[in-house]
Structure formats: C-alpha cells, structure tokens
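The next part holds the structures, each set out as structure tokens.
The following pair of complexes shares a single chain, chain A, combined with chain B in the former and chain C in the latter.
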Partner chain A sequence: MLAARSRAASISRSRRVRYAEVIFGVVLLALPFIASDVFLIDRFGRYFTWAIFAISVDLIWGFGGVLTFGHAAFFGASGYLVAIFTERAGWFLPLPLWPAIGLAVLCVAMFAFLLSTLAFRGPYPMRGVELAVITLAVAYLLEQYARAGGQITGGQNGILFGERLELFGLDMHRGRGFYWLAGIALVVVYVLVRVFVNRRIGLVVRGIRENEDRVDLLGYDVPSIKIEVFTLSAALAAFGGAFFYVHEGIITPAAVGVAASTQVLLWVALGGRGTLLGPIIGTVVLQHLTATLSGTMLDTWIFVIGALLIVVVVVFPAGVLGFLDRGPAR
Partner chain B sequence: MATKKTRAKRVLLGLVGVTALMGGLVACGGDDDSSGSGGEASGEPIKIGVAADLTGPFTIYGTSMQRSAQIAVDEINAAGGVLGRPLELVVEDTQTDVAVTTDKARKLIESDKVPMVLGPIGSDAADALFKTVAEDGKTVLIYPETYEGGKCHPLFFSTGAVPAQQIRPMLPVLQEEFGPKVLLFGADYVWPRRSFEIAKPIIEEIGGELVGEVYLPLIADDFTELVNAVRDAQPDYIYTLYPAVWGAALKALEDAGVLEGVGIGTTFVGDPGLEGLSAGAVGQYTALPFFTTAKGDGVANFLKAFQAKYGADQIPSGGEGLGSYNAIHLWAQAVEKAGTTDPSKVSEAMVGLEFNSPTGKVTVEPSHHVTQTIQLVKVGADMKHEFVQAFENQPSEESCSL
Partner chain C sequence: MTAIVEVREVSKSFGGFMAVHDVSFDLSEGEVTGLVGSNGAGKTTLLNLLYGRLELSEGRISFDGSDISDLPAHQRVRRGLGMVFQHTTVFPELGVRENLRLGAMRKGRGTDASSPAEIDAMLEMIGLTAKQYDIASKLSHGEQQWLEIGMVLLTKPALLLLDEPTSGMTRSEAARMADLCRRLVTERTVRAVVVVEHNIDFIRRVSNRVLVMHRGTIIASGTIDEVQHDQAVRDAFLGRTV
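Take a look at the complex of A and B:
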C-alpha cells in the first residue's frame, strides 16, 4: 500500500521515463566525444541553457497549472541585470561576473515574489487566464522599457557583454567548456526540480493544478504554495538566462518580450507538460531542427517545422514524453 | 497479459526512438564539419557566408541582399571565379532575430570556416555580428546595409550608405525647394540619433534653421507629440528617419492637416517601402544608393539580371541589394589582389580598391567605408519614385583609423 502510494506520487512512475533519463544522461556525457565540430558542441550548450528555461516553465505550468505568457521576462531580465551590473559604472557597479549573476537571480526572484504575492494574495486573487494576462503585461512592459531605457538598457540595440564565463581559471565561455558548464547547470536544475515535485509539496502542487478548491478545503495554504512555486520557477529561469545571455554576448529588448515567452511554451508542450525531461528534449530537438533546417531549406523550413509541430501535437497530445510515460491519450 | 506485451513493445519503440533522435541530432550538424577547413585545393569552391533575414519583419531586405549577392557570384563564376576557384554562398536565415544572428554567425565562422561573412540587416543584429567577428578574428565582415556609421575594426567593412553621405547632398535640395526651417523626426535608437547629430552641423553650414527634434519609439501607436511639434514649429520641411512604421506617422500628420506646404525628406524609403504609404507621400524625397528608376545602363543591366533570375515583378530594395552586390565584387577583387583568402591580408588589399558598380564608381576608403554614388528621388503622383539627381563620389565622412 505504501509502496503503491509513493509510486503514484513520483513523476517517473513508468520505467520507460527512467530509461529515457539514462539514455539522455549517456548522450549528454558522450556528445562532446562523438561530435568533432566544436561549434556543434557549443550550440548544444546553448540549447541546455534554454532547456533550464523550459524546466522553469514546466514547473509553474506543467506541475502548478499556472499558464504564463511572460516567463521570458524573468529569463531575459536576468540577462539584462547581469549586463547592467557588469557593464555600467557608478555606485557599487561594475561588479565581477559571478557576483553579478548571483545578484541578478536574487533580484528576479524578489520581483517574482512580489508579483506573485500581489497576484495570489492581493485583493482579487488571480487564477488561470487573469494571471496569464498579467504575465503577458509584465513581459510587454519590460520589453517597452528595455527599448526606451536609454543609457541603462541601451535602447533598441541593447547591451554588449564584455565579460567571459570563467570558473576557477578555466575558460568556459565557448565550445566544450561552455557545454560542460551549461550541461552541469541543467543537470543540477533538473535534479532539484525533480526532487521538489516528488516530495510531498510537489504532490500538493499537482493537487492545486487538478482542483485548487479541494486542496484549499484540505487545509493547505494554497496562495503561499503558489507564490513559492512561482518564485522558484522565476529564479530558475533567471539562472538559465544569465548563462544564456553572457554566452550570447549581447542582449536586446526581444529577450524580455512576449514572442520569446510563447516560444518556450511550445518546447514544453511538445516535449510533454509535467514530465521535466520532456521539455528538455522538446527544447533541444526543436531548436536544433530550426537551427539546422533554416540553413539547409531556406525557402521551406518554416513550413516544414510548422507541419511537424501540427503532426506531433495531433499524434502526441500529451507531448513526446507524455506518450512514453502514459501511452496514447485516453 | 496483453497489456504487458504492448507495454514492452512501447518501451522498445521509445528507446529506439530516443536513441535514433539523439543520433540523428549529432549527425545532423556533424556533417558540416569536413567542409570548410581545408579547401585550398584548386577547383574547390571558395565559400562565402551570408547571414540574411529571410523570415520575419526584414524578409524583403534580407531576400534582396541574398539575391543580389548571388547575382554577383554568378557573374564572377562565369568569368572564371577567383584564384581559379568558383565562389559559393553558404546562406543562413537569421530570422530577424539577434540571438539567431549570433548563432548563425558562429556557425558560419567556426563550422563552415568561411573567410567572409556578408550581413546582416538590423543595426542590433549588426552589433552582435560585429562583436562575434571581432572576437573570433577569423573572418572579414561586410555589412551591406544603410546604417548609422561609427563601426571600426580591421576586419569590418561597410558597403552601405552612411548618414553624411546621404544628408550632405539631400538637405540643400530640400532647403532650396521648401525653405530653411527643418524639423528632425526619428525613431528612438542609434541610427536616427547619430544621423541627426551628423545632420545638425550640416544644417548650420548651409544656413538652415533647426526648429524641432522629435523622437518616438520604434513602433509608436500615438503620434500626437509629432503632430503638435509640427503644428507649433511650422517647419518648411521634415527630415525623417522613422523606418519601422513611417506610413502610420505620415497618415497621422496628414489626418491632422499639418502637412500643407511642408516638404519631407528621408534617408530610408527604398522602392519596396513605398507600398502602403498614403497620398501624403507624394513629393517626398529620399536619398539612397539605389533605386530601380535611377539613370544609367548599369542600373538597367543590374535590374535585368535580377529579374531574369528571380522574376519580372521582383526588385532589389534601396540600399542592401546594391551594397551586397558591390561587397561580393570588391571582396573577390581583394582576394585576387592578395592571392589568398586570408582575412587580414584580404582586409589590407580591400583598402583603395575601385569597382564600377551599376550606379557608378565605388571606392573603398581607409575608413573601411565606401565612397559611392547617391541617388536622390521624389515620389510622383503615381506613387512611384522619380529620379531627381545622382551625386557621384560621395565620401562616407567616417573616420576610423586602423
């Protein structure tokens, strides 16, 4: 009986998902040794930082059931903050890179905490569509501010980073170094979130997704739990965003915008909402297909990707990993 | 029991699927690897990278850039190539997105190992590309688009028009036709801001009077501030650099009735940009390196080659088309002169080169920008550009000491 319950509580109740995890881990470890093109390895590192973003969205949307159209506000704002902290002078600035990243993640988490407190504990607690609209507005406002921010945000042209990713004297800015940095960051975030959702609190979070009123009736403080998950999710997005944009070397207003926020929803939905591993695979596969096809099928790639997305959504409504985990949707 | 069997099947399917997918991913990008690095063997094509926006808001410009470059490549190959080798374009769609541009530039430089990259369109993407090239130091970058100027690096060249080049010949014409009082209206980012800083001393020099300066967001939806400024300042003409939604701004001015007797000059509206402009655009002047209605056999021949390849209704846009065509020819000349595709040697060989472009002589300045012909046109009653005047040998007035 006990065993059965803990099985139900775990997200990887099927052995197949665990196999997929192992395979993914092996591929992750082997890839830098298989591929001889350093650029390709670097590109996968880039996908991994995006995958962290996808996991953060899976946590709040896939597990928490809170749809957000503005998560790039956190992913991008973190990049902007790191850029401002390292590139602008005055007061306590500029900061070295790593303290700047830490402070950026902290600032984003605090902002998310305030925003979600207002949303979930305010005079009119928000649910579903209302919250989606608020997140949309936040992303829109940030994008407009970034464009109009003059000396601070660099306006339309954004900010160029002068700093390089280095750790213990090792250059991790590009190529294999960046691959390992991003890969380890991804694994850490994955394990962290997996543990979180498999613990008792994770079960409650999923309960809220299924039926908020019932969880409330059972005596749980639903708003606090939602605030906690929202803040954690934003902090993870910020963590990924910091690495992504320092590696890019430039950040522009589109980074915090609505378009970037909706793209990530696609990666998550495609890979399988609420599966954690699915969004990673969704991100890597979709981004790699886009990057490759947009160089080889110049006139048609956008239609090919579009058609592929439709087919995948029709065949695997629960996402690729959702299918692996539960079989065809019933 | 049956379920167990199907489940086992599904496990197998899943495993095979995931493995195949991952293997495919690696193979997908992996096969690019062998291509670029060697290739000094004679007969093997020399690859040139093109980072062009073929999807997204800048599609028409990116497409024009890619096609014009291809025409130059076809011409060069028909004449025997460069160093006895044909040229080949490696085109990547940068999707009007800065992050994609960075990624594609890295791919072209590090994976394809091209000795030259042509692109991009937007000035934010140009910043990204410039940074990538400057950091890697392995590739010549030629930016073919009209831009604000100011970029300076041993491996960077610009074949587009820069502000002084367009403003200096255009403003006296506007002043003579409309009067001395000018209002500057631009989108709030570097291109308009730097252009207007360059325009101000020129206005003073020719005895004009600056009566107002308005900046609005790149894509504004309310033009009250502009309308009020025009109403209050009563300019004789407006010099505008509002590239994203000029049609909307023009409509607002027209609807408010403040355009009576006020002239308009721009440095960005190419032939395709006329689509969707209201009747208020009639009489609007524009200075750019290329228009389909510009005079000369060169222009007619370039247009003929373009339309023969891409269709009779297709035209290269105002700046980047010609800029790309010239860029490929100049680079090819420099490679012949240097006897190698080595970026720093080609860079040195570029300076001082001359090329007879479709619109007249183009000269590469020590500033790594070009002296070229600028065309001034005016929108006619049929909403088409009418040729007004060509200004030959206009220097960039950019200063970049390398």
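Take a look at the complex of A and C:
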C-alpha cells in the first residue's frame, strides 16, 4: 500500500514534467505559424542554439555535479574554429561550412578530452571548486588569446563570417529557416541527452553527482565516466556554438569568456538543473525577457531581471522544473 | 580453510605517526572475523588499507592469491571486495530502488544487467519494499544503513567489510544484522566477512574469530573466549582479570 502510494507520487511528478514538455513543445511548434514578426522568430532560433549550450552545461553540472565556470570556452572556441576553417586561407583551408562545423566540434571534443583527462586522471585528480577554477582559467586564457591572436583570431575585432547556413539548397540563415534549423538541432540534442541520461550510464552519472566515493566503491571507474561526460558535454556546446556564431555573422573574444560562461549557469539554475527541459525553458524565458525589457525599460531592465532572478531562486531553489519534478528543494 | 585474503607485514604511517604497524593475518573462507580495539587502535585504517582507500606504507595484501596492494579501490571492488561504512554513503537524492540498481548493474563481474527480480528480492531482504520509490534521504539512519548493505551485496562481493554496522541501530535491528552476517556466510552469499565493531555482544554473536588491535598492531587472535582470556588483551584494555 505504502509502496503503491509512493510510486503514485513519483509517477505524478514525472507526469507534471511530461505535461510541461508537451506544452512547451506545442507553443514552440506553433510560434512560426502564429507570429508574423520574422525578427522575433529569428530571435527564438538564437535562443535554441543557446538552449543547446544550456543542455550541455546541464549534462555536466546538473547530472554529473561537475561545476564549470568556463563552458563558453567550448561554445565560443567552436565558433572561432569554424570562422578560421572557412575564412582563412592556407594548407587545407578554407573549408566548406558543414565540414568546418564537423571538424570544429571534433577539435573541441578532443581538447575537452585532453583537459578532462588531465583534470580527472592526472597526478592530482580534481573535484568541485578545483575543477571550476581550472575551467575558469581556460576560459580566461582563451579570451586573452582571442584578443591578442592577431591574424588568426582577428584580435579585438574578431572574425566576420562570409558563409551562410544552407541545407539542401534551402536558406536556413535567417528567420523561419534558421528557426527550424536551430529547433531541429535542439530537439536532436535534447533527445540524445535524454536517451543518454535514461540509460544505465545516466544513473551512474547521477550517482557520481550524489556520492562519487560510493560510486567508486561499487566498482565503477569514476574518472573514465567523468571524462566521457565532460567530452560529450563540450562537444554539444561546440555544436550549438557553431550554429550560433555562423548565424550571428561575427565572433569576438567575449564569445569564449567568463561572462558567457556564467550566464549559461543562470539559465540552467533558473530552469532547474538535472532536468534537461528546465535549462531550455530557463534560456528561452530569460533571454526573451532580457530582449523585451531591454527595449522598453532602457535604464532599469537589468534591475528588473536581477530582482526576478533572486525571487525565482529563493522561491524555487531547485529551479522551476526542479520544483515540478522533485517538489520543494530539501 | 582456504585463505581469501593474506595480509603480510602491513604498515601505514602518516608523517611520523605509525597508525598500523607490521600487521599480518589471513581471512579464511566461511569465516566472520571481528576486528576489535579501542578508538585509535588502527581498525578503520586497516579497513581503509584493505579496500584501497589508503596506500600501504609497507607490506602486501593478496586477494585470492593475487597481489592487490597497488590496485585502486574500484578495481578491488571488481575483484570482490565490498565495503559498508559506519556513516552511510547512499545516494541521497536518488530513489531507494535506483540506489540498489547502481549496486546491481555495476560492470566487471558479469552483473551488468540489473534484474528487477534480484532488486525485489534485496528490497525484501533489507525490509524496504514499501519504501522502494522514496528518495533515500527520506529514510531513517537505520534504513539507510540497510540500503547501503543491500547496495553492496548486489555487487556480489566475495569479502564483505563492515565498519561498525550496528552504529545507530536499535537492539532488534542489531540482532537482525547479526543474523544477516551469519546467514551471508553460511548460505555462501559471501565467502567471508570482516566486522569492525565496539559492540562486543554483536561480535560474540557473529564472529568465528576475533583480531584484537592495540596501538596499530594485532595483539591477539582467536575465538572471543580465547582473546578475552589473553594476557596481552587484559594488559592492554582491562588491567584486571576477566
């Protein structure tokens, strides 16, 4: 009887999240048909690429418990690599856009693999704040390099993209085309990560978040699992970053910096870490509010957003979706 | 009896402090070994050396004839060591059933696929069937201890190490724990058990053999009656005739 009641409560919680998933999906599907403002639709496409970034952070932080202050290094580095691969000449360059995106994601994943191997399997395996500081340092160094990188990175001015997002001859670079391209990319990433976390490996990753030592003492090779998740997370960030910066048409040093890395943490925390859908909602809602309010409340919008964030974090410490999923945070 | 574990001349020092000094003993198949001693005697350090949390300063530990002295903890677990702590180490925000799944599905010993029936049987054994969908942090301390034991047993350990398993348990729970320890060995669920415990009644109920530690060394070994009449034990702990 007790087991049945407890199971029913658990199912009811997951149903609430499922409803949120459906409602959010229907709204986003309907948006390009309802809205006539192409600029607004295009803006939602940008939110989707950011949401991919947020999912990548949710995977490593929300599920794996590894706090990173430098994930924009992967999101932005991918943009820089695509720009270099498509805009610079020499050796095998320039590359067409899509191979450049693939190669950029691969390079970022390899860099993340090396970084995480050093961090998790090095002579002094890192945890918690130590790793957060390392990722912070990587973002800071990359930003400084991007500013000083001259011919390669374009220095303070960055690099302008000449390529446009096209697929099977269709223009996906702006407006509805970009909305659908970014939307499909987001759905693919969402489903991929949802499948990953629902598999056995996902449970182990959540176990590492809860109690890394106990996972080790159940016989799992914790560093290997953390390296795998960190690399996957960086590759997803790179995937989102590639689309975002090609669409923007320019990449500048701020793309790989600390500010962009902390902004994504807000989206994830607001939506609910460890929920996948929460970070998407957090990104879309917060960025849309920022864009709308900054146009109407020229001097005060930042205070309104700040106050709203504080209220939401106080009322929903586990994030909005975390509240729906698990109830009030303990 | 066949020795599962051979501990030879093992020492562990922290700077100038020798926490475990020149300890040697065997753990045999079918035995429950009690490890007793006062606080600071080196019992927990010795357990930490056995499961690989601490590196040996000197000596060697063999498991089923293979030297495991340099293996990290997770590889020792894969060989068949299971460790249950005094302070529970369950996964607080995961469900009770998910905690058990993590134990059941671990890689390395042919138990990759966690069978629901196996988990149901374990829930029944540890008395948590009614709470299987609860979050682990909502359980009482005693229930969390049972959950941890269930999780570790699902890894199918050959050697089970228990650090003060009755800590925080009621008398009836301690009796149930003693019964479980005996059954695990007699029913050959595990091949041997080592229990660190201050509760001498519990040690008397479960142990075939007792190792007494004092100031980092083993000063006596035998049945509980034998060690209670051992002169070195009397000198170390009682200073009077038992």
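Just so it is clear, the second predicted complex is superposed on the first by the 316 of 330 C-alpha atoms of A that agree within 3 Å, B and C clash if a C-alpha of one lies under 4 Å from a C-alpha of the other, contacts with A are read in each partner's own complex, and residues count from 1 in each chain.
Throughout what follows, a residue touches a chain if its C-beta (ideal position, glycine included) is under 8 Å from a C-beta of that chain, and two chains touch if they have at least 3 such contacts.
Please read all numbers here as calculations on a predicted model, not as lab measurements.
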### Query
Which partner does A:V222 contact after superposing on A: first (chain B), second (chain C), both, neither?
second
### Task
Could you say whether A:R206 touches chain B, chain C, both of them, or neither, answering first, second, both or neither?
second
### Query
chain A residues in contact: does chain B have more, or chain C?
B
### Message
One more residue to check, A:R15. First (chain B), second (chain C), both or neither?
### Response
first
### Query
Hey, what residues of chain A end up touching chain B and chain C alike?
none
#### Entry: Touch list for chain A against partner chain C, complex
1-3, 6-7, 9-10, 200, 203-204, 206-207, 209-211, 213-222, 326, 330
### Task
Flag every residue of chain C that touches chain A in the complex, lowest number first.
51, 72-75, 77-78, 83, 89-95, 98, 101-103, 105-109, 112, 114, 129-135, 137, 151-152, 155
### Query
Okay, in this complex, where on chain A does chain B touch?
15-16, 19-20, 23-24, 27, 31, 34-40, 42-43, 46, 144, 147-148, 155-158, 160, 248-250, 252, 254-255, 281, 284-285, 288, 291-292, 294-295, 298-299, 301-302, 324, 327
### Message
If we count contacts the way the header does, which residues on chain B are in touch with chain A in the complex?
### Response
7, 10-11, 14-15, 18-19, 21-22, 25-26, 28-30, 32-33, 54-55, 90-93, 95, 97-100, 102-104, 106-107, 110-111, 123-124, 127-128, 131-132, 135, 187-190, 217-218
